[in-house]
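Both complexes below contain subunit A, partnered by subunit B and then by subunit C.
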Partner chain A sequence: MQSSIFHGIKLVFRKEFLAGMRCKAAWAAIFMFALTTLSCVSLALQGAVLEPKLQAALFWMVLFFSSMTGMDRCFAEEEMSGTFLPLRLYGAAQAVLFGKMLYSFFLLLVLALFISILFFILLDVGSVSLPEFLAVALAGVLGLSGAGTFLAALTTGAGVKSGLFSVLMLPVILPVFLPAIFLTGRVFGGDSMPFSHLGGMLLYDLLLMVGGSVLFDYFWYEE
Partner chain B sequence: MKYLSYLIPMLTVLTCYLVFAVVPPAEGLGELVRIAFFHIPLAWLSVLAFLMSAWWSAAYLRSGSMRQDALSACSAKLGFFAVLLATVSGAMFSKLTWGSYWNWDPRQTTIFVLILIYGAYLTLRAALPNPRKRARTSAVYSLFSCLTVPFLVFIIPRLYFSLHPTPVLNGDGHVDMEPVMLATLLLALLDATLVYVWLLFHAVAKEDPHEP
Partner chain C sequence: MMTISFDSVGLSFGAQRLFDSLHATLPSGQITVVTGQNGSGKSTFLQLAAKFIAPDTGKVVAAEDGSILQKDAFRSRLAMVTPEWNLYARLTAEENLRFFLGLRGMELSAEEIRVLWERVELKWEDTRIPLAGKLSTGMRQRVKLAVLLAVEADVWILDEPCANLDASGWEIVLRAARQAASEGRLILWATNDPREEAAADAVIHLPWN
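Now for the complex of A and B:
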């Protein structure tokens, strides 16, 4: 039973990955959104140096809104292409959820890497402790992909699609978002990072995934 | 419910009389303390309605009864109304005492997150045309959004500095309030809770319980 769930997760991840590779426009849209936003900010600043707190807020806002442009598609595309019902009939809830979550995590990880490199170049971020920055970024991306995948499922069948995903996402992700900005600000400012906050973030990420996993069954297996 | 229709107006009049004629000006806050007798019950209602909405959402997922869904939705609507009024009264109090309407105080952040959750829940309901799907999906979202509660209660107050007065029941477990003020506040809380109960069941009774 355990191995069949892992096998299911692997299959769903593989399916998502191949579908993503086939439809490169979706990837391009997310990355171009991030590039456009960051270059707009950099152009507007004209080389002015921002405070670490502001830099951190900007980094997470760009990452959050860029992820919003692509993450809501993971279930909406199944609906549009008519594969949602077969997936519901043949796919186990947990395998579908965690398979898609894993793919979202992978997508956001690549996106975060892309934004980080651009951000460090365009906004002239000083020397930072890379392991600490990576730890915060990983914890943030984990929360975004955990909550995002679950909430993307809830928006299927909604009459109004545009904006709904962000509306649902923001209040739930704020507990990840606010400590992430706080910790990234500390890292950008060269201050020591309080690891209790990072622990809190990871704990909330876990809570999101466990909560999502328990509630997803109610959503997936409708009578 | 019939008795509540008579009891609530009497309690409301009594509470208003106590707030404006009996409660003395508070030390440091003066006459502004009277805002608190409306603000605190509204903030209490915002949280109560949120938790009750989640409770009925869980009940809906267990039973599939549309009445539970109607209770959850009505509770959220009342909570949304209460949270907006609590925000406005709190902002007025903040402007008059600290000089600005909004400064992202931990409690302002908490109430802002509550506004976002209520707004998201009601938007989700409005966006789903199928009643059964609407009930199930919004119940799942309502419970999922409850995961933020530990963060709002334990993490936010440690992240940000607060100007907000200490709670009525402070950290040491002592009640830091004059007896007449405390009695008036408890009466106002009871009144607000009864108004919530009356409005909730009145609104749900109007809806057709046999609706699919």
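Now for the complex of A and C:
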């Protein structure tokens, strides 16, 4: 009996969610990183307001490094705890990849929401167009989760943990990161947002997912 | 009829030549036991059979009625119990079972699951309340057996499946393997226990190089 991909994705997401909920320490580490960084910056600024471009860069840096504290382990942890073999044995490649990607996306969305609230409170960001900010945040988070999940899988296969992951992550994520910072800067500055940049980001997100999906099959069924 | 064939298989780990021109045919409908000293390559033999690793030379072919099975098709017909695989420590035994079955597109009713736990002699409350990480090693082994029994795979690859099990657990594994072989499944079993070797229809002894 062949499991449908969507059912498999749902199962993997549910498993990640349940296991994640029962390990509050991992969540605490991610959220505390964001809270500590933004509190420090806010205290250091002593009420001064950053340029919109700097605010945008800071927003994405905090989101990026907060997410990196856990994302690189999403496959390595399976390997270390001995669950990688049964997952490979019973799970279809695409269901596992997209189930884990969906969970990363969910985790990053929650994290982005948390960081955004802190950001607006602590760093005195002016009034912004919420739909435009949400659109950029969603496109950026999609790229981060897609690239992060796929590279985490690849680096697990290479038998090397976070070192290789971080090295590979930078060039892969830059085409998402640079327009995300640019667009967020425009939104924070109250300027209109060029939608061609957003389209480019979404196109790159799509390419990341399609490319990751094709390559992941080789990784998953590789002898 | 399903077979796994080793054709002139050679494999080295560093300087150690583990297998050299190894030939073997493992047919379905019988229990094939692999024996050998520690370090002789029993677990590696099983990994080759499961196509999780590739040989340096020669080939391992899984076929059904003469048609070669591709890796993904073969894997979907395979179930394993090995010391290398663990349950998710932060899920309960039943959540683990439902997760692995779900990945194979299977869903059991509460009654079917109750029968399964009875078959591996696990108490219902031990499978639903404590997380798997809190269960004893023997109980976790029984949960792995429950997964094995439930997925109804055509190929069983068992690496020391009775490790950490008491006498009743040993009986469960042996009975299940015999029944599975009589139903036409391919059973490959690595062990050094003479009692398990005695239950085999065929024995492959791996020399220590």
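Here, the second predicted complex is superposed on the first by the 213 of 223 C-alpha atoms of A that agree within 3 Å, B and C clash if a C-alpha of one lies under 4 Å from a C-alpha of the other, contacts with A are read in each partner's own complex, and residues count from 1 in each chain.
To be clear about the criterion, a residue touches a chain if its C-beta (ideal position, glycine included) is under 8 Å from a C-beta of that chain, and two chains touch if they have at least 3 such contacts.
Treat the numbers as computed from the prediction; the structure is a model and nothing was measured.
Peer 1: Figure out whether A:P175 sits in contact with subunit B (first) or subunit C (second), or with both, or with neither.
Peer 2: So A:P175 only meets subunit B here.
Peer 1: Thinking of the overlay built on chain A, is A:S4 touched by subunit B (first), by subunit C (second), by both, or by neither?
Peer 2: So A:S4 only meets subunit C here.
Peer 1: Looking at A:Y90 after the superposition, I want to know if it touches subunit B, subunit C, both of them or none. Which is it: first, second, both, neither?
Peer 2: second
Peer 1: So in the superposed three-chain picture, is A:S81 touching just subunit B, just subunit C, both, or none of them (first/second/both/neither)?
Peer 2: Only subunit C; A:S81 stays clear of subunit B.
Peer 1: Regarding the shared-chain residue A:A25, is it in contact with subunit B (first), subunit C (second), both, or neither?
Peer 2: The answer is neither, since A:A25 touches no partner chain.
Peer 1: Kindly classify A:Y221 by the partners it touches after superposition: subunit B alone (first), subunit C alone (second), both, or neither?
Peer 2: In the superposed model, A:Y221 contacts subunit C only, not subunit B.
Peer 1: Quick one: is A:A44 in contact with subunit B, with subunit C, with both, or with neither? Answer first, second, both or neither.
Peer 2: Neither subunit B nor subunit C is touched by A:A44.
Peer 1: Does the superposition put A:K15 against subunit B (first), subunit C (second), both, or neither?
Peer 2: Only subunit C is touched by A:K15; subunit B is not.
Peer 1: Under the contact definition given at the top, report the residues of subunit A touching subunit B in one complex and subunit C in the other.
Peer 2: On subunit A, the residues that contact subunit B in one structure and subunit C in the other are 223.
Peer 1: For subunit A, which residues are in contact with subunit B within the complex?
Peer 2: 150-151, 154-155, 157-160, 164, 167-168, 170-172, 174-175, 178-179, 182, 197, 200, 204, 207-208, 211-212, 215, 218-219, 222-223
Peer 1: Hey, which residues of subunit B end up touching subunit A in the complex?
Peer 2: My answer: residues 61, 64, 113, 116-117, 119-120, 123-124, 126-130, 132-133, 136-137, 139-141, 143-145, 147-148, 150-152, 155-156, 159.
Peer 1: Please name which positions on subunit C make contact with subunit A in the complex.
Peer 2: 50-54, 71-72, 75-76, 78-80, 82, 84-91, 95, 99-100, 102-106, 131, 147, 151
Peer 1: Under the definition above, what is the set of subunit A residues touching subunit C in their complex?
Peer 2: 1-4, 7-8, 11-12, 15, 18-19, 22-23, 81-83, 85-93, 95, 221, 223
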